[in-house]
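Shared between the two complexes below is chain A, which pairs with chain B and chain C, respectively.
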Partner chain A sequence: MTVTGTRERVAVPTPRARSMPTGAWGAKAGFVVAVLAVWEIGIRLGDFGAIPAPTVLGKALVDLIAEGRIAAPVLDTLTSWALGLLVSAAIGVPVGLVLGVSTSIYRLCRFLLDFLRTIPSLALVPLAVLLYGSGLASKTLLITFACVWPIMLQTVYGVRDIDPVAEETCRSYRIRPVQRALFLILPSAAGYLATGLRIAAGVSLLLSLSAEIIIPAPGIGQEITMAQLGGAVPTMYAWIVAAGVLGIVINFLFARVERRALRWHPSQRQGGGR
Partner chain B sequence: MTRIMRILRTLAWEFSVPLVLIVLWWMLSGASGSLYYPPLSRILTRFHELWLFERFTTDALPSVTNLAVGYLSAATIGIGLGVAMGLTPWLRETVNPAVQFLRALPAVALLPLAIQLLGIGWSMKAGVIFFGSLWPILLNTIDGVRSIDPLVNEVARSYRITRRQQVLRIVLPAAGPQIFVGLRASLSVAVILLLASELVGSTSGIGFFVLQAQRQFNITDMWAGMVLLGVLGYLLNLGLQAIERRVLSWHLASRRKNRPEARSQTKKESAVD
Partner chain C sequence: MDRRSFLLAAGLSATGLVAACGGNQARDGGTTADGRVVTNVGVTPLLNAAPLYLGIKKGFFTSEGLAVTAKTIQTAATAIPSMLKGELQYALVSTVPAINARVQGLQINMVLGNDVYAQEAKDDGAAILVRADSRIKKSADLAGATIGVVGLKSMPELAVRLAMRQAGADPGSAQFVELPYPEMNSAVKQGRVDAVLSADPFLQQGLDQGLRQACAPYSEALPKVTGLTWIGAGPYLQEHSDVAQRFVRAMTKSVQYAAEHPDEVRAVAGTFTTIPAKALAGIRLPIFDPRLETAQVEKIAKAMVTEKFITKEPDLNGLVRA
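Here is the complex of A and B:
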């Protein structure tokens, strides 16, 4: 990305991974295996307190899957993750469109937006618990409060970044507002919006887990806490790994969908993802 | 004269809506007997009593210190490691899978683990904040270093510029804008983690205070704490913005020059990662 590029990018390494020579896969796998081996040997040789060896951890994870205990918490976490993301998009995109089109409304709301979005969402935990108890509603509220900003702001920037020539062309052809929104504004903002959604997806998972740990609400986060309190250390690590895998899968899927849906977009076209 | 008018007009644009909202809140909650939404006037009175400066040193200061320790060490190590990894392809490629996994790991999931390893002292909180804010900084630094025009580095080599000079004078400034994207993204992560760590295992801090107030149904105190958190988050962002404007002044100036006015407004805004 050039220094002057306007499109917000929070390092997305996936598109580049493709262009990597296949020989490097050996080195990568080797490094992972080496880390695991050092970890295993280290634990076997000396005592590192509560950290389990990779094999023990692996066994705990397999046990979780084999006993079928893994499905329900993962589903709980994913439900709140998806719901929060949906609500955020339902609020963020329309508001972002309005703010992007109208400079005066944007100026009126700018300070408010800047202030609201810097409020850490977790500050609302006590209020959410007080109002909605410890269920899905609380989690969704917390997630929405955090995820709506990246989506909204990216939409605003996307609308702002419309090619002036295309905009003037639309105007000289007297294209109606609805069609203008559908065929000019939305496609032009799509790249930014996709980035906003991808960022929000990560934040949503983070908030989901935080809420589950702190409130506590049912989900992977609660399982981690319960395993820790119950002294089931390998199980706790297994849940942490599960959370990590979920994060990777979500990140991968969003990068994938973004690339596929925006194949026509300049940001994806030139030079493999730049 | 006209300048004063212009400033006044800007102020009116920017602050009219927030002002109206605050006044509305004040009036609507003024006679409120609701347990959950106490009158704003009472919240502000409590805010004044609590944070200026009675509990400031016991609750607000430790929070800010933990945040500073975790965030600053993440920035130092993230930028240092990022430059090294950005300049050395083999290192980057080898470590990449591990980095990808660790970065995708939601840092809050490590809270129970951190409590087990480090207890519930400041080191646990700073550690969790460090771990969470490291990745956005690291990845953005790598990205920024990699996107430097290869020609620039080749010119540096043919002039036999030393590595140290190259890093300080060429690599860091060129990657600067991207590094700041990472710094901004991880600042919000850091604040979230600060709260999470205080809400889970702690005996002091703003987060702890707010939770305690809620559990004792001391709703006015809870609101006062939440207002402080909002102000804190806003001030931190403002501070980082000021630093960025200072460090990257050359970059911002060059952008303003290169683009038509309307588009220069569309600065690279951070969003939380």
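Here is the complex of A and C:
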């Protein structure tokens, strides 16, 4: 991380921050089409197991949309995704700030944090169901248990990475703790925090789907399970594709918002801090 | 141990712990506006669940003053906690997880049977599928083979092991791997496994794709033995014995009705499963039978000990509570 002086010099956003040239998008789309073509030909010629051809899969997906069956499960999944992420951030950011500021508290908690972090969230499924039933509350618990860590740890790292000059300046001017937190610590940690949130957003979706499959709770995951149980294999893959698309959209939106909100931040201008 | 059965074991023991600490609170679902008792029943959307949907459709539950709602469950690992929490009042599960729950000290009771395994291979909706050129022709040939089953340490694996033992083969020589039903046919064709225990509608698909049926473990080892049973949480059944009796009466009627009306079973199956209509027409239906005998459950519990699913036979006293 550079000193504040360089900030003025590189105020122009790098090409990454702007939308990609149309040629690159074309090449990307072309590659996806090529993969789909190879997949289709591969299935026509040989045996890919139970995986359906892209055309069959596409038809199943179109049917799902045409019959209007896709909206409710997607909404269920998105609700738990958002709620889980919010709760994780509400816990992760404040705790991360405290742990980042105080080295002694961090040292005290480190063993406990590392211990809890290694427990796979899905192992808690039966416990979550016993406590909260098979609905949204259980899903939120499982998501939070997995998502709180990246957010918390990124916040800790962000707080530790405060520009020493800015910190000394704050100290020299005897800036009050509240102001210090709002105008020094939070903005400095924002780049790290954004990365933590983006990682957590992916994890949240993953946990949401997994919980829906295992519990099963209403959402895309449950639809995958139901289609599998009934032997409706193309429909099952159609739901999996829907989940994949949701993942891409979420990641895209987060990256976009991150770039927008943190345009001023060195991490966005120099590609550092991630 | 695979992930799912690990999850099951870990989950059930955790559940046992929490249930023991918190005391089993049996909560009911309340009553509806017209005074019917709300009863939530967990089922996996397979053909076996048809009696419940038929019973709802025919009004068998309504006439007993029950407002029954079907809820989707996937494994006993989550259905049983859900039942202990009072979210579900009953669930349709196979005998193995019900016995497992007993081993963990969970108060689960079986209230009635749902179906029995077939007596003859031709009526059996599940069978071992192999490649057309495979050396495996009967259960005894499964020795040393790699066998795909839908869940490890579950009813399918137990049935295959029992059929092998009965045929004089050592089940220990076979290797069991977990495979979801849709993957089974291609796994056999590609030689990733030597045999799979498939079930309708996947069984018919496999036969259509040129696979050969070698044997039918359920009808060989467990003919007329109860397959799936309706279970409930002990404290709930005790506190609401009148409501429980009404449920058992209505459910018994539903199961008998399903046994007598196969066409209606097929018709109602189209409403709660995702089985394609084409496959549904040719599918072998479960043999519905509400009877439940302790002796049969004990037989399965003994087999679970022999096959080392559990270390000692659990106290089955009162497990069957009809």
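The rule we apply is simple: the second predicted complex is superposed on the first by the 235 of 274 C-alpha atoms of A that agree within 3 Å, B and C clash if a C-alpha of one lies under 4 Å from a C-alpha of the other, contacts with A are read in each partner's own complex, and residues count from 1 in each chain.
The rule is short, and it goes like this: a contact is a pair of C-beta atoms (placed from the backbone, for glycine too) under 8 Å apart; a residue touches a chain by one contact, two chains touch by 3 or more.
No experiment lies behind these values; they were computed from the predicted model shown.
K.L.:
Which partner chains sit in contact with A:G133 here, chain B, chain C, both or neither? Use first/second/both/neither.
P.N.:
In the superposition, A:G133 contacts chain C only.
K.L.:
Per the overlay, which chain contacts more chain A residues, chain B or chain C?
P.N.:
B
K.L.:
Contacts for A:P54 in the overlay, against chain B (first) and chain C (second): which applies, first, second, both or neither?
P.N.:
A:P54: touches no partner chain.
K.L.:
Touch check for A:N251: first (chain B), second (chain C), both, or neither?
P.N.:
A:N251 contacts chain B only, not chain C.
K.L.:
Identify the partner contact of A:P187: answer first if only chain B is touched, second if only chain C is, both if each is, neither if none is.
P.N.:
Neither partner.
K.L.:
Using the superposition on chain A described above, determine whether A:I213 touches chain B (first), chain C (second), both, or neither.
P.N.:
Both partners.
K.L.:
Counting only touches as set out at the top, which of chain B and chain C does A:G230 meet: first, second, both, neither?
P.N.:
The second partner, chain C, only.
K.L.:
Return first, second, both or neither, reflecting whether A:Q222 touches chain B, chain C, both chains, or no partner chain.
P.N.:
The answer is second: A:Q222 touches chain C but not chain B.
K.L.:
Which of the two partners, first being chain B and second being chain C, lies in contact with A:R110: first, second, both, or neither?
P.N.:
Only chain B is touched by A:R110; chain C is not.
K.L.:
Let me check the overlay on chain A: which residues of chain A are in contact with chain B and also with chain C?
P.N.:
Overlap of chain B and chain C footprints on chain A: residues 49-50, 122-127, 129-131, 213-214, 225, 227-228, 233, 236.
K.L.:
Contact residues on chain C for chain A in the complex?
P.N.:
Where chain C meets chain A, its residues are 7, 10-12, 14-15, 18-19, 44-46, 71-75, 77-78, 80-82, 84-85, 87, 180-183, 185-187, 189-190, 201-202, 205, 273-276, 279.
K.L.:
Within the complex, which stretch of chain B touches chain A?
P.N.:
Against chain A, chain B makes touches at 13-18, 21, 36, 90, 93-98, 100-102, 104-113, 115-117, 136, 139-140, 142-143, 147, 174, 177-178, 181-182, 185, 188-189, 191-192, 194-196, 199-200, 207, 210-211, 213-214, 219, 222, 225-226, 229-230, 233-234, 236-237, 251, 254-255, 258, 260, 262-263, 265-273.
K.L.:
Report the residues of chain A in contact with chain B in the complex, numbered from low to high.
P.N.:
Its residues touching chain B are 1-11, 13, 20, 24, 27-32, 35, 49-51, 104, 107-112, 114-115, 118-127, 129-131, 146, 149-150, 153-154, 157, 160-161, 164, 195-196, 199-200, 202-203, 205-207, 209-210, 213-214, 220-221, 224-225, 227-228, 233, 236-237, 239-240, 243-244, 247-248, 251.
K.L.:
Where on chain A is chain C touching in the complex?
P.N.:
Those in contact with chain C are residues 47-50, 122-127, 129-131, 133-134, 213-216, 222, 225-233, 235-236.
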